[in-house]
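Chain nomenclature is as follows: A, B, C, D, E and F, assigned in order of appearance, with residue numbering initiated at 1 for each chain independently.
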Amino acid sequence: MKMVDVGGKERTERVAVATARLRMKPETVARIRAGQVEKGDVLAAARLAGVMATKRTPDLIPLCHPIALTGVTVEVTLDEGGAHVRAEVKTLDRTGVEMEALTAAATAALTIYDMVKSVDRGMVIEALQLEHKAGGRTGTWDRGTAG
Amino acid sequence: MKMVDVGGKERTERVAVATARLRMKPETVARIRAGQVEKGDVLAAARLAGVMATKRTPDLIPLCHPIALTGVTVEVTLDEGGAHVRAEVKTLDRTGVEMEALTAAATAALTIYDMVKSVDRGMVIEALQLEHKAGGRTGTWDRGTAG
Amino acid sequence: MKMVDVGGKERTERVAVATARLRMKPETVARIRAGQVEKGDVLAAARLAGVMATKRTPDLIPLCHPIALTGVTVEVTLDEGGAHVRAEVKTLDRTGVEMEALTAAATAALTIYDMVKSVDRGMVIEALQLEHKAGGRTGTWDRGTAG
Amino acid sequence: MKMVDVGGKERTERVAVATARLRMKPETVARIRAGQVEKGDVLAAARLAGVMATKRTPDLIPLCHPIALTGVTVEVTLDEGGAHVRAEVKTLDRTGVEMEALTAAATAALTIYDMVKSVDRGMVIEALQLEHKAGGRTGTWDRGTAG
Amino acid sequence: MKMVDVGGKERTERVAVATARLRMKPETVARIRAGQVEKGDVLAAARLAGVMATKRTPDLIPLCHPIALTGVTVEVTLDEGGAHVRAEVKTLDRTGVEMEALTAAATAALTIYDMVKSVDRGMVIEALQLEHKAGGRTGTWDRGTAG
Amino acid sequence: MKMVDVGGKERTERVAVATARLRMKPETVARIRAGQVEKGDVLAAARLAGVMATKRTPDLIPLCHPIALTGVTVEVTLDEGGAHVRAEVKTLDRTGVEMEALTAAATAALTIYDMVKSVDRGMVIEALQLEHKAGGRTGTWDRGTAG
C-alpha cells in the first residue's frame, strides 16, 4: 500500500465539486421544511457536517494525502422528491480535492438521513458523484462533457 | 440542536445492514481484478476503510451517539459494471447502528473511487441505502418488505 | 499520570450542566441577529459544535474516561451584551460528565467567536463554569447553593 | 455554511496569544503546589493538553481552516487565587491562529479543572480572551490598545 | 475484513500490562534527568501521551473494538541504559485491552524518542511486549510462565 | 512544554525510513501465510494501518508538528521467525518525518499482533528504530554508519 509520492507536483490552485442526491418521501421533505424535526435544524446541520467532513477526509480514506484546504462551501436544497447537496472544495496544494468534495457531499446527505430516519428509513442516496475538477497536471474534468 | 436522550431505552442487541453500489467502467473493473492499481490492493483497502469508518461515525454525523460496537463485517465484490459493498454492524446498546453501517458502506465505496479515480473519474455511487435493521423499540425493518 | 480506576463505581444516571458567557459589542449581537455573518448561521453552528465537542472530550482532556453519552442539549441565546451558552449532558456510566458539559460550552462560545471575530476581536468568554451535576457517589452539586 | 476562501491571501508569519484565568480556592492552589493531586502533575498535564489542543482546533471549530503550525508554547502559572494560562501560537500560512491560541488556553484551563474538580467543583474560567495577534492583512491587534 | 463479533461474550473485568524498553546513550539519560531538554519535561510528556494513546487505539488498530476503559496507569522510569515504560489498562467490557496497553507503551516510548531525538537519533525500542493479561474467556496469561 | 518554532527553517525535501521487527512463533507465520486468520488479510491490514498512522502522528506524539506528507510506503514481509516492517515517509516541509515513519512501523507491527494475538500472545516487537533520514539542517543520518 502506498500514499503516492506527490513531491514532484506543483502547488497550484485546485478545485473540485461533488453532489449527492438523497431521495425521500414528500412528507419527509415537508416535515424538514416545516422545521418539525426533533433533533434540530436539518439543513444547517447537514451543511456544517459537510464542511467539517472535508477536514476528516484523510482519516477516512486511507491513501488520501493530508492537505491544506483554502475554502469549502456546502449547499443543501430541498425539492419535492428529496434533498440535493453540492460541495465545493478548493486548495493550493500538490494534489486534488475530489475526495474531500465527495466526502463532504456524502456526509451532508448522511446527516440528513440521520436526522429524519425515524420517519423515513427507506431514503436512498442515489447519486453521489464528482461533477467538476480543475487544476493540476490532469487539468479540467466536467461530468457533462466527459466521454 | 440535540443528541436525543436514549437513557430510557434498553441495552439490546441491534444490527444494521447497508449497501452501496459503485458503477464503473468495465475496464476499471478489469484493472482492479488484475491487481494493476498503483496504490495497492483495492478491495482489501476498501474493506478495511469501511470497518474503520464505523468507529469514526460519531465524529462525522453530528447527532450520532458514541456507542460500543460488538461486531462489524464489510464485504466488497466486483461484477462487470462495478463494485458492491455490504456492511453489517452489530451492537448491544441503547440506540441503533444504521448510521454506522451507512458510513461504512459509503467510505468503502469512496475508498475504491480514490484508488482508481485517475483512470475513471466518472464513477458514480448510485445507491447507498439501508437494507435491514433489527432490534430496539422500532423492531425490524427490511427494504424488501417496507411499504 | 493516571486515568483513575472507576471500575468499582456503579453505572448510574449522571447529568451535568455548564454555561459560558461571551461578552461582545452590541453591534456584533445585532449583526448575528440580522443574519449578516459571511460564514453562515452563527447560532446553529455554535449549537452543533457544542454537541459534537462532547464526543471529542476524551481526546482533549488527557485523563478523562471515554464514556457513553445518552443525551446532549446545547442552547445558545443572545442578549444585548453578548451570548449565553448552556450545555446539558447525560450519561449512564461510571463517571460524571462535567468535563463534557464544560467542553461543549467552551466550544460553542469559541465557535461564535470564530464566526464574528473579524468584526470584534475583543470579545471575552467571561464565565465558563459548571452550574449543576447530579448522580454518582458525590451526589448533587449546584453552584447556587454550594458553599 | 462555508469555510471562507483564503486562497487569495499570502502565506505570511502570523502569531496569536490568548490567555485564560481559572479562579480557584486558595487551598486548591496549595494542593497543586504541594503535588498532592491523585491524577498526577497538574501543570505539566495542562501545558501538554494545551499544546495538543492546537492540533485539534479544526476538528472542534467547524469553519476553521486546517493549517500548518510552526510553533506553540503554553505556560501555566499559579498565584494565590488560581491559575493563569498563556498560549502563543505561530504559523506561516494564509490565515491566523487566534482560534488555535484560544483553544489551547481553554483546554489547558479545563485540564486543570478536571484534575482538581473532586475538591473544588466551583472553579470558574473567568477570562478566556485573545491578547495579541500579528501578521496578515488586518495587521496587529493588542487588547491593551484596542478601542 | 471483520471486527469479530463479541456480542456473545460477557462484560467482565479485564486487565492488561505491556512494557517497552527504549535503549539510549548514557548522556541522553543524563540530559533527561537534568531537565535539560528544550521541549520540556520528558517523562511527564511520555506518561501523558501513553495514557492518551489508549483512547486512540481503535483509531489506529483497524480491527480493535471501541471500548470503555475504566482505568489507565503509565509509568516511565530511567536507568543507565535508557527508559522503561509500563502501561496498565483496565476495562469492564466484552473484549480485552492488550492492544490499548501495547499502544500506550509504544506511544510513551516514541514520545521520549521525539523529545530527545535531536541528540540521539540511534535510540532503539528493543522490547515492546505484553507482560500480563487477565479476565475474559481465555483467562490469565503471564509472559513469565507462558510456554 | 512547547512545540519548537520551525518558522525559521526552510521547506525542503525530507525523508525518513523506520523499521520494526516482530518476532513470532513459526506456526504463527505459517498461519498468516496460509491466509488462515479469522479477522482477514493480515499483511494488507498492517500495511494500510501503517500508512494511516502517519496521518495520526501529531495526535499521538504531543510535540510533533502537523505537517504535509507527500508520500508514504509501508512494506511488510514475513520470514521464518516473524514479520519485518519498513516504512518510508516523505515531506516537503520545515521539519522531519522521523516520528511519522516510526509511528507507521509501530502501528503496522501492532496491527499484526492484534490480528494473530489469540494464537500467539508472546510475540515481541524487538527492534523499532530509525534506519535513515535525509534533508533539513542536520542532513543525512544512517543507522549503519552512525557512530
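Note that contacts are C-beta pairs under 8 Å (C-beta built on N, C-alpha and C of every residue); 3 or more make two chains touch, one makes a residue touch a chain.
Here the structure is a predicted model, which is why all the values come from computation and not from measurement.
> Please tell me whether the contact surfaces of subunit A and subunit C are same or different in residue numbering, using the over-half criterion.
At the contact between subunit A and subunit C, which are copies of one sequence, the residues are largely the same (over half shared).
> Please identify which of B-C, C-D or C-E repeats the interface of A-B; the criterion is that more than half of the contact pairs agree.
It is C-D that repeats the A-B interface.
> Which chain maximises the distance between its CA centroid and that of subunit D?
B
> If you take the mean of the Cα atoms for each chain, which one ends up farthest from subunit A?
Centroid comparison gives E as the farthest chain from subunit A.
> So how far apart, in whole Å, are subunit D and subunit E when each is placed at the average of its C-alpha atoms?
A distance of 28 Å separates the two centres.
> Just curious, how far off is subunit D from subunit A if you go by their C-alpha centres, in Å?
32
> Using the average of all C-alpha atoms in each chain as its centre, how far is it in Å between subunit A and subunit E?
38
> Which positions in subunit E are in touch with at least two other chains?
Residues 1-4, 40-41, 44-45, 47-49, 52, 56, 59, 62-63, 66, 68 of subunit E touch two or more partner chains.
> Check the chains against each other and report every pair that touches.
A-B, A-C, A-D, A-F, B-C, B-E, B-F, C-D, C-E, D-E, D-F, E-F
> Please name which positions on subunit B make contact with subunit C in the complex.
Residues in contact with subunit C: 1-7, 58-59, 62-63, 65-68, 93-94.
> Quick one: which bits of subunit B touch subunit A in the complex? Just the residue numbers, please.
1-4, 38-41, 45, 48-49, 52-53, 56, 59-64, 98-99, 102-103, 106-107, 110-111, 113-115, 117-118, 121-130, 133, 138, 141, 143, 146
> Considering the complex alone, what residue numbers of subunit C touch subunit A?
Per the stated touch rule, the residues are 40-41, 44-45, 47-49, 52.
> For the complex, give me every residue of subunit D touching subunit F.
Those residues of subunit D that touch subunit F are 13, 44, 47-48, 50-52, 54-56, 66, 68-74, 90-92.
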